[in-house]
Structure formats: structure tokens, C-alpha cells
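My questions all concern the structure below.
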């Protein structure tokens, strides 16, 4: 891809302190996001998938500047926004919006829909009162909700409708970039499909850039341009959505793909050959040494628990973090192996 | 009731373990006689003879310790020889020489000597607690000398006529014993704690009873001192006196019904009324020295006008106060002094309710009735005082004025009275009695030197009265002092710095078995257990 | 789009007004489910009615010091309950029934003043501590915890003696020991509301902290606070009565229930009516507020302590 | 064919609430044959759990009320004979739950709970003394039960099964807990298992593992299972037969293959279309939302959302289940009783064409 | 490891609380207007006497210095001299506290043994008559002013029926048991002193019942609601589907967890109980710390007042510490909280 990215994240870190010991001294951290880098081009949908607790939400919210990054930089529209605060941060929020996973909890139950959607306009002091009301009506129409809903309270709406309200709110101040944190996982499939197609329409129409967080690979395959597969705070593989499914390079991706339950026989063909799926995500407070995935990996070998792999570009626009594609770490890997085993050999085992 | 002074009884030969004359009556106590149960609702805070100052403390102290002189049970009481067999007053009116009796011994057997007396004064004045205020500025320890084993000489700093009358409150302690039991660290320098810790649960006295057991807030037991120099009623005196401390007046009443010998005088009126009808209990009521005043702040408008004060004095319904609020057996005070005190004069203006007179006085003043917007403060918890306030409130209303009634804890009241600005317009006070001399009422209340104390909450300032009261102290002979006090009373009554409401009757519930009780009106000296016996 | 229309149609179906009425119905339904809360409401209304119309209901308003015309009738002291004096008379011959009726005014006033004061200190403290969290929040909550470790009655007693013990100060003292409960309740609620995504969303929109606190958090913590207030109203009255019982309360002749119980105790058991009726009044009013509060609790479905 | 081990017939359940009466289940028919796994699939709130609870006999009553129907288990009518229900409940039927976080008592080690299930199951009453003894940790055949538990946990591929028994649920991960719950359900060797969305809260990888375990056990022990899920993909993986439920009614029943290959009911089709697939994703869901149970639509409950709804029929006439082909039933006015599968498939295809241009064709499911 | 570090952590956290408490109370006591020295010496004391006592008491030093002095004393068991008893406050408290402790503890025991079963019964019969009855009973209890309830009990049980004594801690018995614990019941039981035991139990009953009324209600309500809440939990349904007998579910699983919630209320209630003791002891003339405290506060006996309040606060903190520890026993999850947070 060409041109300047809208969002450019470098070595982003977000650590949560873990309180241990007698006097609550901070002794260790959950490295929820641990050195993540990626770019999102304008108009693109970049998806992050991964298992529960791997740090997807943390990543999304840190990029949206809802959380303070522990390290790394976030550039937005060519500007370093990592350390903005106060007024300038609040201004930035017009450009970056978030849609949350659970629509019912993201809407204040004690405010009417109209007031909720209007809130960003009030906060950023956009327009007169009449203009704001007009804008709210327009937004509700845009997300396919009847304008009369503005008088309702959120709990009088169904989940899908609530999520539309949340989307309307996010769009009120015409953001450029929207972080979608599992926007449909709380919804039924029949409703989910509608919300997804609404989001797609909106993206096209308003020229939005999305960071889509999801754990649903099938969904992601259909809506994302590029996908980052996350595991324990870091990307294991990043590539465009087609390549990821057709030619996964990382064993973790393989496991994820092979575990997806599918509904059509045609899909089966698109899944990699079934591999044994082992274990669960380790305790992020106490991550494994070496490659974080090695205890569960069906391709693990001796070097894996000693050498930490790096994200390397194996093909144009295709990065993976695996010692099978060791990149600069090749030597370190070799130290742990008597004979040089190629990727193919391992696969055959 | 039979009154038996100690002089009437024959000398008691001392401990007789087989003496059980009283066994048919009441439960036997120690081996020396019947037991006496005294019920009180007030707990003593200290049994140190130099700390105690309230009623119960005094009761216990003068039964355990001997002073130099003692009160008789007459009203008003006279002085009688006690540890001092006789005494002389020097011509200068300041030097007093006391000859101690030689047969007095402390409870541990040590003889009572002049140096113990000297030590007792020193301890009293250095600890500055309890009754020490009586001699503060008057008697310094260095002016007390033990001339010989049994002779003590005291020289007061100035002539102080009531001096001898204060001596029944100076208890003599056993110097050696106290010093031996004093803790080394304490607030009194070389004296350490001056034995204060030890004296709370032990005694170092020579009196008729020995402290045998003290259980705080429950009971105190004193037992007859069989080696006492004095005399107990023959055969049927009391061997053990148990002071039962109960919190509730109802409990106290219950104990009386169940056969306790005597109760204190703080029970509610209603309780006494109930007890009166109980079998075997009589309620002794007598107005002695318990004057109740309602002070008026003579330095604050409108009460700074004597006519206003008189108008209020005329407006108050004394009759209702005496008969309805009280039970009808208290006396209407005539002037500041209780009638029973010597030098009291009948020849004084007495205020009765008379609205015409009140109006007339008011007309003479610079104020009108509407200026009478006053405040009346009384001690929390004293319903009688509250009732008096309510009564006054409605009386003033009738006169056209108004009164707010407020209650305050005693600790706040003493605080308020320290300053003329915080002293309430009207303050209800029982002027408690200490030594048997008119000075005890007049000087603290009406001499301007006493300003700042709750006893002088009227902030009364009259140079003539000041002079008279000072003269009263400086004049040695009683017959010379009478006219001085009569004059002072007259002026004060005319000035009406307080409503002289009543001299309240003191009540004691006593078992009908108990003989020898006579109310002489002196705090603590009513309960002279060694004078009591079974009838 | 087709689904837009169908959703719109769906919106018309239940009707806006009905939906909202539905909410209201639900509240009323829940309230009515609990007959005790109705009873509580009746009791409270009864007492409010008495408080307002005491001068007209009371047979002897003067006995209660009404309009500064105190009345004493020492000649009629301790009359037993009778038609003339339903609850008998006291040591000054005053009609206890009238005094009990007038006592309502004071009790309600104490309850209202105490709670208003406690809430206006406690709620902001809880809000700030909960929202800011971290060191400041921790410190604020530790301070409130310290206050909480002394029983309210004890602390109120000490505070009201420390100040001049008059009625205003008694109310202040009770408020001074009461606010920590509101601070703690608010704090807890804020902590949980703060976790709600809509609070984060408010920040995500660019709202200032103040706006977030007042627009998003506060409205959501009001329900438990309201419920607690109604439960506490009774308890505040009770504490005030206890202080009155211990001798710190309204000045005479203002009738105060706790003081009356305490004075009557001296005349037990012979003049049993003196303590009994004012005590009954305290009991009933506290009971009323408890019933009501419980109803509200069910209604708002909150847990308060 | 033998009688089904479970047969639910015309089950209707209503709930009494302040909003009024919720008519949740409306004439549910369901059978599970011996050794068969049947999936009950439907969206949130359609009544899956209510069905399961009715079968297990844990429906809270009140507010719930079974207004009609029967539940036959192995020849006994469970609704008619509560005693049998209790016995069956403990000994033959067992259940696995959706949320591994809440279906274990937080205050006892998992082993303690397992032991209770092992020893008290089946409505055996327990004396006060028994309760006390139990709380003090004294029970009969303690070691035998422990051994059984360890073995079972081991089979659930739990590392360190012995240590796990003494751990509290908080100390276990979600997947581990779910394994424990499965083990607990299996400890008494049931013949019939209800699994109510046992993998919904889990990650796909863990879900895959649990499904594998369940499949294994089912085969090994010839278990019959009613598997409840809202995920058609999961249903496809585990079930022999699928029942699609909508708003308290079973709208379509068929073998797994048939259902996926040739959905007949417009709802089934809509649902399938809504699912994003690896092969592509064109559908945009089903309009509207699940109806209000206090006042469910007349006629077919799905008609307000149905693209094929026929005015005058679907909104008026109650819909009956029509047997189509051999092993197929569909509750839709489009079909009639006794239609062959081919006929039905054609109707379905036509309908799909009418609704959207590029609906999947049903030719794949042509042969029965 | 979890247990120990939890305990230590929890224990350490009460220390700042205690310091805070002492500062609060101390400050409060020192800002009280009034002259403690003058009060101490009685109304007629001379100014010199007052001044010298002020010096002794260090009242002219800055507040913080006074505080440090005080704390220094407290550490050595010296709480300062009481003005009303002329003794060290520590000595007074040693004498009065056991009576209060005996009373409040018995009241709490009654409250637990009545309240918990009441709550369980109500919870098991939710919204049916036993629940409503228990609810009504609870409301009555919390609404009763303790002082009035005490008076009524006295009126009926003591005065009218004459069954039990109205006031006091023990009747006229001799010999009185030797004081070892200060708890009369315990002391007399240890000494096999039947009359003293009987008498002191008789005296305890009415005040203890009076005091327990409100906590009974609180405990019953809390037990009920946590019992119901717990009964609603998924795992209960799980157990039921496995056919576990209801009794075992209710008493082994549900009650244990819900009792943990009840424990927190018990801790809080203990504080209220100590507070109510201030009026109840007055009503029953119970010679305990509370009546001493009321006297101290009303008389502005600063050291006594600070001492009493400190002891009350400290007992409250201690009880809550114990409660938290017990909480862990009933709900072992808290042991793990320290580690994973």
C-alpha cells in the first residue's frame, strides 16, 4: 500500500501493575500490550483477532488514547499524539471514536437516546441547539433508527438498536478513525449481520478508517483489509485478510483457523488441515519464556522456550513471529539445534 | 427520735469479739456489731482525704479519718473537741494552738502526733485539691508547727474568723504510712505521688471506721475500728458499714424496702414519697442549709436595674414552687441566708408573688416589660430546676416579658460563669454548704472577690457589702459578727440580685431501726455512723 | 434500506408513551408489591400531617410551648391518662399528648437537617474519591473509615459536647458522624459505575471530568443514596432521640421525645405513661421511615447498608 | 426404530411476571434417540434454557408454569411423576452449563463439590447429622470417590488432576473449570446429557477441545445428548440432528447435513445467511427482533420478521409442524404435511429467490 | 502463603486506622472549649492550683506535642488521669470494660443465634408468611429506640412481672467471685459460684436482649438477602440438576457463602452495639465503660473520654479484623485476592 498511514503505532506498550506483596508494592506487570507496531491506511479496516485476555481491548483503547501508553508512540494523521493531554487531547477525540463491545453498558441508562447522541456535540460545542437537534435526527436516520427513539431510554431498545445508538454517538462529531471493540459480539447473529453491514456502509460513505477488534475469524475475514493476530500482548502474524487464511505462516494462526466451527462444507476447504489444539492462554502475569506460544504450539522445538522470536516480514506485507521464520534470530535458533531443519521438515512431522 | 451524742455514751472498752447483742436484728456484720447498709446513687471519685470533696466522699472520709475538731449534730452545728482536746486562739486572732489527745492511734497502731497534723496540712496545701480551697491564701504549711508530740500551732496569714469551723474538713493522715506507700514517680516532686495511688484503696486514718474493701462503682465497706479512741453507742452500734453504689434511684428505693439502713438525699421526690409508705422506712425531711437561688446578672441590662430585679422577684410564684414543684416542706428563703444559720435575721423584706408590686417596680425602672427578654439556665438533669424555670417562664409571661429556659451540663455552667459575658441572665443554683459559718454562703456569692465563680453568677458588686463581708471575716468574736452579717443580708435582700426561692428540705430515707440520726445540715456530717445504733 | 423501515414500524408498535408509562408502572407495581411500604408512606404522611397541623390537633398547644406561651400546671402534675389527657401529664402538669404531637416537628426537622448536611458532605467526598481513585481517593476513604470506626452515637455525643450542646449543634454533630456513610456508599457506587463503559465513553467523547461526574456518574448513584436517605431518616431521628435521652437535645419547653423518655424514667414505674408515649412516637416514626425505605429499595432494586 | 430416550411433546411454559404472563414455550416437540446428539439451536431468549430446565425439572415454579405437554424419558412421563423425575435427575440425566465461572461453588474446592455430586445424586435425602458430617469433611467411601474423580479429570485432560481437586474455582482458568463441570456431569455415568451452551464463554481453541472431549465421551459411552447452542457452527460439529428454535417454538428439525444444506424454514435460512463465513458473507441478517412474549404474534410467531410472510395466512393461522420427507419437520405455512423433501426444497429455493437475488440454492440437498 | 500474607496485610492496615482514630479523637477532645484543669480541681479551686495542674497536664504545649506525649503514654499503658475518678484512665477502663464486653458480646451472640436462623427461615420461605413475619419483626426491632425498649422491658419484666432485676450487674451475693477475667459470668463459672452465676445471668438478660434487638434485625435481614441471592446463583441450580438434596445445598453451600456476607454486617453491628451500649447501660445502670464514657463526655473528662472512645474504636477495628479473617474462612476466595488483582 502507498501513501501515509492515518494511524501509525510503534512499539506500543501498556503494562498493568500487579499488586503483590505485603505493602502493595508494585512488583510485576501484566504486559497487556507489549511492543506492538502497525500502520493503518486511511479508509482501511485493520482487524485485531486473538483469544480472550490477549490484550485486544487494551490495544484498541490505548490507540484511542483512552489509556495512557506505558511506552511507544502513536501517530495520528502524521502527528505524534502519544503525550497529548488536557484540551488538546479532548480535541483529538473528535477524530478518534470508539464503539464498545457491550452496547447496553456503553449507554447511560438514565439518559435519553437523544441526549446520548447529542452529548459529543455539546462537549465539543458544535452548532446551535436547533442544529444539534437536527444533527441528532440525521444521525439516527443514518443508523436506521426512527427519530422518535430520541425520547426513549436505552433499556427500551434491543441490543442491536442500542449498538446503532452507540455508533451514531461515535459518528456525531465526524471522526476520521473509529476503534470498534468487538462491536457485535454481544449481539445475536441475525442482528450482528445488520450492524456489520451498517458499519461497512458507513465506512464507505464517510470515508472512515477502522480498527476492528474481534475474536471471530470468519467475521474478520469478510470485513477487514488487513489482520493482526494477537497473542499475549503481541502480534503473531500480520497480513492482509486473504493471505492470512490462505497461507498462514504462524502455528498459532493455524490453530485458531483449524478450531473455527463452520457451517458450510465449502468453508472446510479454506481451513488449514486440522491440527491438535492444546492448552489455554497462559497467565499473562507469568508468561512463558521464549516464544509465548511455545507451550501450546504443535510445531514447537527446543529453541522455542529459549529464544523469543521477533515479528519479521517474510513476504511483502506479511509478518509473522515464529522461530520457523527466525529472521535476524536465525543464529540464536541455530544454537539450539544440532541440524538445520527447514520449515517443511517440521511440518511433515 | 432519740438523739444520742457521743458524750452521753459510756466508754467503749474496745474490741469484744463475742459481742453479739445485735444478732436478733438485721444481719450480723463484722464481729463488732450489726451491719449498716448505706445506699447511694453517686459514686465517690476519690477516697484520698486530701482529694475528696463531695458528699459521699466526705461521708466516708470523716468516718475513716479524724479531723482536729468535729461538728455536733445540732443545727447549726457547733464545734466539739476531736483529735484536739482543746485549743486556744491568740490575741492577734491568727495564732491557734491545739492540744492533741494522747490516746489516739492510727489504724496501723501508730500514735497520732503533732507532726502528722503538720504533714496533713502540708499534703493538703501542696496537692491543692479537695477542700484545700478553704485555706488557700489563709494557711501555709510553713506556718504550722509541731511544738511537741501533742501540740500544734497554726498561724493564719490574716485574721480569718471562720477558721475553726473549717477544721472538721482537715483530715489527719499518718505521715509515716503515707510516705512509706507513696510511689516514687508522681506529680509532687520529692513526694512522688504523695501516696495518692495507695490511698484510693487503703486508709491512713485514725477514725472510727477502717476501710476494708473498695470495689469501684459497686460498694465500699468500712469496718468498726475497735481501737478507736472515741466511743460507740453501747452494745448496738454498727460494726460494718457497707456503702452500696447503685445507679438507679429505683434500685436504691428497692434496697431501702428490702431493709437497707439509709439512703442518700439525691433520690427523686417521688421516690421518697413512695418510700414513705413502705414498711420500716421513714423519710426524714428537714430544711437546713440548702438554699436555691436564681441568680440575676446584675451587670447586664435590664437586670442591672434593681427595680427590674425586684419586679421579677415579685412576679415569681413562690407558693407554686414550694408546694407544687416541691413537696411543701421546703422553706421560703428570707434573704440570702437559710433561717437555720446563726446571724440570719427575720427582719428582711421577703418577696411574695404580687403582680401589682411587680408592675409598680417595673414602672419605676428604665425598662418596660417588653425589655424582659431573658434567659434562664439550669443544670442538665435537674428536673426541679427545670420546673422552676418553666414556672418562672409563665410568671414572666404574665408580667409581659419572656424567658427562654436552657439546660447546660454542669461543666459548661462553671465555664459560663467564669466570664460576665457568657454568664446567663438567670442561673439556677443550689449554693452548696461547706463549713458552718454564714461566711460560707455570703462571701462566695456576694463579695466581688468571688466573681468568676459559679457561686457568684449574679456578678453582684456593692462596695458596702464587700466591706461588710470582709469585716465579717476579720472579726473574731461571733457576737460582733452577727450585726455585720445582718446588715449585709439587709442590703443584699433589698438589692435583689437573685430570686431567693427556697431553702430546700433535705431528705434521707432511714430504716426505722436506726437510732441516733440527726440532720445537722452539713455535707457528710449527717452520716456519722459511729453515732448510730439500733433501737 | 429495508430494515430501517421495519425497525421504524416496530417503534410505533408499543408506542412511546406506553413504554414510558411502562417504566412508571413498573415502579409503582414494585412499590405496591410491598404493602409495608404503603403502610410506611401512610405513617410518614401521618406524622407530616401532625407536624403541620399540630396546633390544631393538639388539645393544649400551650403545653408544648407553642407560640411562646408556655403553660405549666403544677397543680395537675402526673395526671393519669384520661379523656382530658390522653397520654397523661408530666411533672409540670403539661399534657403529654400535646407535647408528643408537637415533638413531631422537631424530629422531622432533625432528620431533614441531619441528612441534608450529611449528604452534602458525604456525596461529594465519595464522588471525588471514587472518581479520582488513586492516592487522593484512598486518603479520603481512609479518613472516612476512621470516622466510621467510632459508633455514631458516641462520636455525636463527643462532638455535641465539644460544641455548645444546643439543638443546632446536636444536628451538626449527628451530621458530622453521618457523612462518612454517604461517602462510603457513594464511593462504592461510583467505583462500580465508573467501570461502566458509558463513563469511559464519556471520556472518549472528550467530556471533562466534571461533566462526566455530573452527567454520567451522579445520576446513576442517586437511587441508592435516596433509598439510604429514607432509611436513615428514621435512624437519624433515633440517634437524635438518644442524645436527647442522654441530656443533649432541644431546650425546654420545646418537647423532644428522647428527653421526655429520659425524664419520664425518673418516675418509673408509677408514672409509666411519661416515658411510654414519647417512646412510642419515636418507634412509630422510625418504623415508618424503615418501611418506606424498604419499599424504595425494592423499587429501585438497590442494595444499601 | 426404538422409542426415543427423550421425547418432549407439546411443551408449553409460561412465566408470571409483573409485566404480565410470558408465554415463552409454545408447543415444543423434541425427541432424542438413544446414542444420538441433538442440537437445539436458536438465538438469545428463544427458550432454549427454559426447555432444558423443564426437562431437568429445575424450572423455577413460580414464576414458571408448565401449561401443557409431557416430557417422556425412557418410557416414564417425568411431569406426571415427580419422584421418577428426581431419581432420573440424579442418576440418569445430567447437565452441563454455559458459564464455567458461575456453575461452581466459589467456597469449596472443586473436589468437594464433585464428591457431593457423586454421593448424594439422585434425591437421596440427607439427615442433619449428614449435613454436619459432610461439612466437617467426613463422608463414606471418600477415597473411592476421590479416585473416580481423579480418573475422570485425567480423562478430561486436566494436568495434575489430584491437585486440581483441592483447588478452588478461582484458581482455575475458564477452560479448566468447564472441564471440571463436564467431569462432574459425567461422574455418575449418566445415560442422557443436556449441555446448555457449554462452550459459549470460551475461546475457539478451548471450545474445540471441549467439543472434542464431549464427542469422545458420547461415542465411548453411547450417551444421548441434547446440546444447546446458538452457534450453528458448533451444532454442525457435534450434532446428529438439529432443532431450530425461534421464540419458543421449534421451527425446523432435520439431520445436521440436511439443515445446513437445505434449510427450509425462512428463519433457518435467514440465520444461516447471517453467519459470516470463510467463503464470504453477503447476507444482512433478519429484520426486527424477537417478539414480546407477553403478547406474541398471532399465527406464526416469526411472521412479523419473515420475508416470505403471506398476509392473511401467516399472521392468522397457527402454524403446525409439517413432516417433510423422512426425517424432517418444519413449522411453516409454506409447506404441507407429507410433502417430499424435493418439493419442499423447491419451494424454499423459490422463496429465497424472491427475497434476495443471490440466495444459496438448495440443489446440494436434493437427495435425501 | 495466601492466608498468612492476607492476615498480615489486613492486620497492618488497621494500624494507620488506629492512628487516624487516635488523632481524630484526641483533636476533638482538645478543641473542646472549657478548662479541664479547672474542672478537675472543682469549682472552688484557686487559679494557682489550676495553672499548676495545667502545667502538669501539659495543656499549654502545642497540640501535636500533647498528642505525642499522649501516644507515648498510651504505649506504656498510661491513658492519663481521669478527672472524675482520679485514677489512670487505663485502670478505670480495665475495670469497666469487661462489663461492657460481657454485655455486648452476649448481645451479639444472641443476635447471631436468633438472627441467622431467622434470616435462613425467611430466605427459604421467600415472600411467604414466615418471611413476612420475620421481616416485620426485623423492622420492629430496628425501629425500637434501645433506651425505650429497655425501659419497656424493665416496666414489664422487672416491675410488672418481677421476673428479673431491673438494673445492676449482680445482686447481693456473697462471696463475690474473685476477679480474673472481669467477666462475671466467666469468673463465677470458674469458681463454681452458683449464686453469683445465677444472679449475674439474671442481670444480664434484659440489657443483653435490649441491645441485641437491632443487630438481630440486621443480621436476619442480611442473612435473608444474601441467602436468597446465593440461592439464586447458577451453581445452586447446577447442584440441583445433579440431584443433590436440598438440605445439603441450603446448609452446606448457600448458608456458608451467605454467612460470609452476614459476617460483615456483624462487624459493623458490633460498632453500633457499642454505641447503643451508651444508652442501654444508662437505662440498666450497667456499670460498664459506656456509662463511664457518657459521664466522662458530659463532665468533659478529657482523658477518660479519649480513652473510652479509643477503646470503643479499637474494639471495633479489632472485631472487624476478626470478621475479615473469618470471612476468609467462609469464603476462601479472599485469600486469593491479594495475589491476583
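Labels for the chains are A, B, C, D and E, by order of writing; each one numbers its residues from 1.
In this text, a residue touches a chain if its C-beta (ideal position, glycine included) is under 8 Å from a C-beta of that chain, and two chains touch if they have at least 3 such contacts.
Protein names from UniProt, one per chain: A = ABC transporter ATP-binding protein; C, E = ABC transporter permease; D = Nickel import system ATP-binding protein NikD.
Since this is a predicted model, take the numbers as computed values, not measurements.
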Exercise. What is the minimum number of touch steps required to go from subunit A to subunit B?
Worked result: 2
For this session: Would you kindly say which chain has the C-alpha centre located farthest from the C-alpha centre of subunit D?
Result: B
Exercise. Any idea whether C-E or B-C has more C-beta pairs in contact?
Worked result: C-E
Exercise. Just curious, how far off is subunit E from subunit D if you go by their C-alpha centres, in Å?
Worked result: 53
Problem set entry | Rounded Å distance between subunit A and subunit C, as computed from the means of their C-alpha atoms | 50
Problem set entry | Intercentroid distance (Cα basis), subunit E paired with subunit A, Å | 54
Problem set entry | Overlap residues in subunit E, where contacts from two or more other chains coincide | 33, 282, 298, 300, 340
Seminar exercise, completed: Residues of subunit A that touch at least two other chains are 161, 194
Exercise. In subunit C, which residues are in touch with two or more of the other chains?
Worked result: 3, 7, 161, 164, 247, 268-269
For this session: Mind listing the subunit A positions that touch subunit D in their complex?
Result: 51-52, 158, 160-161, 188-194, 196-197, 215-219, 221-223, 245, 255-256, 258-267, 270-271, 277-278, 280-281, 296
Seminar exercise, completed: Touching subunit A in the complex, subunit D uses residues 43-44, 173-176, 203-209, 211, 230-234, 236-237, 260-261, 270-281, 283-287, 289-290
Exercise. In the complex of these two chains, what residues of subunit E are touching subunit D?
Worked result: 233-235, 237-245, 247-248, 251-253, 256-257, 260, 330-333, 336, 340
Problem set entry | Residues of subunit D defined as touching subunit E within the complex | 56-58, 86, 89-91, 94-95, 97, 99, 102-108, 113, 116-117, 120-126, 128, 130-131, 134-135, 168, 170-171, 181, 184-185, 188
Exercise. Can you name the residues of subunit B that touch subunit C in the complex?
Worked result: 249-250, 268, 270, 274, 320, 324-325, 380-381, 383, 386-387, 389-391, 393-394, 397, 402, 404-409, 412
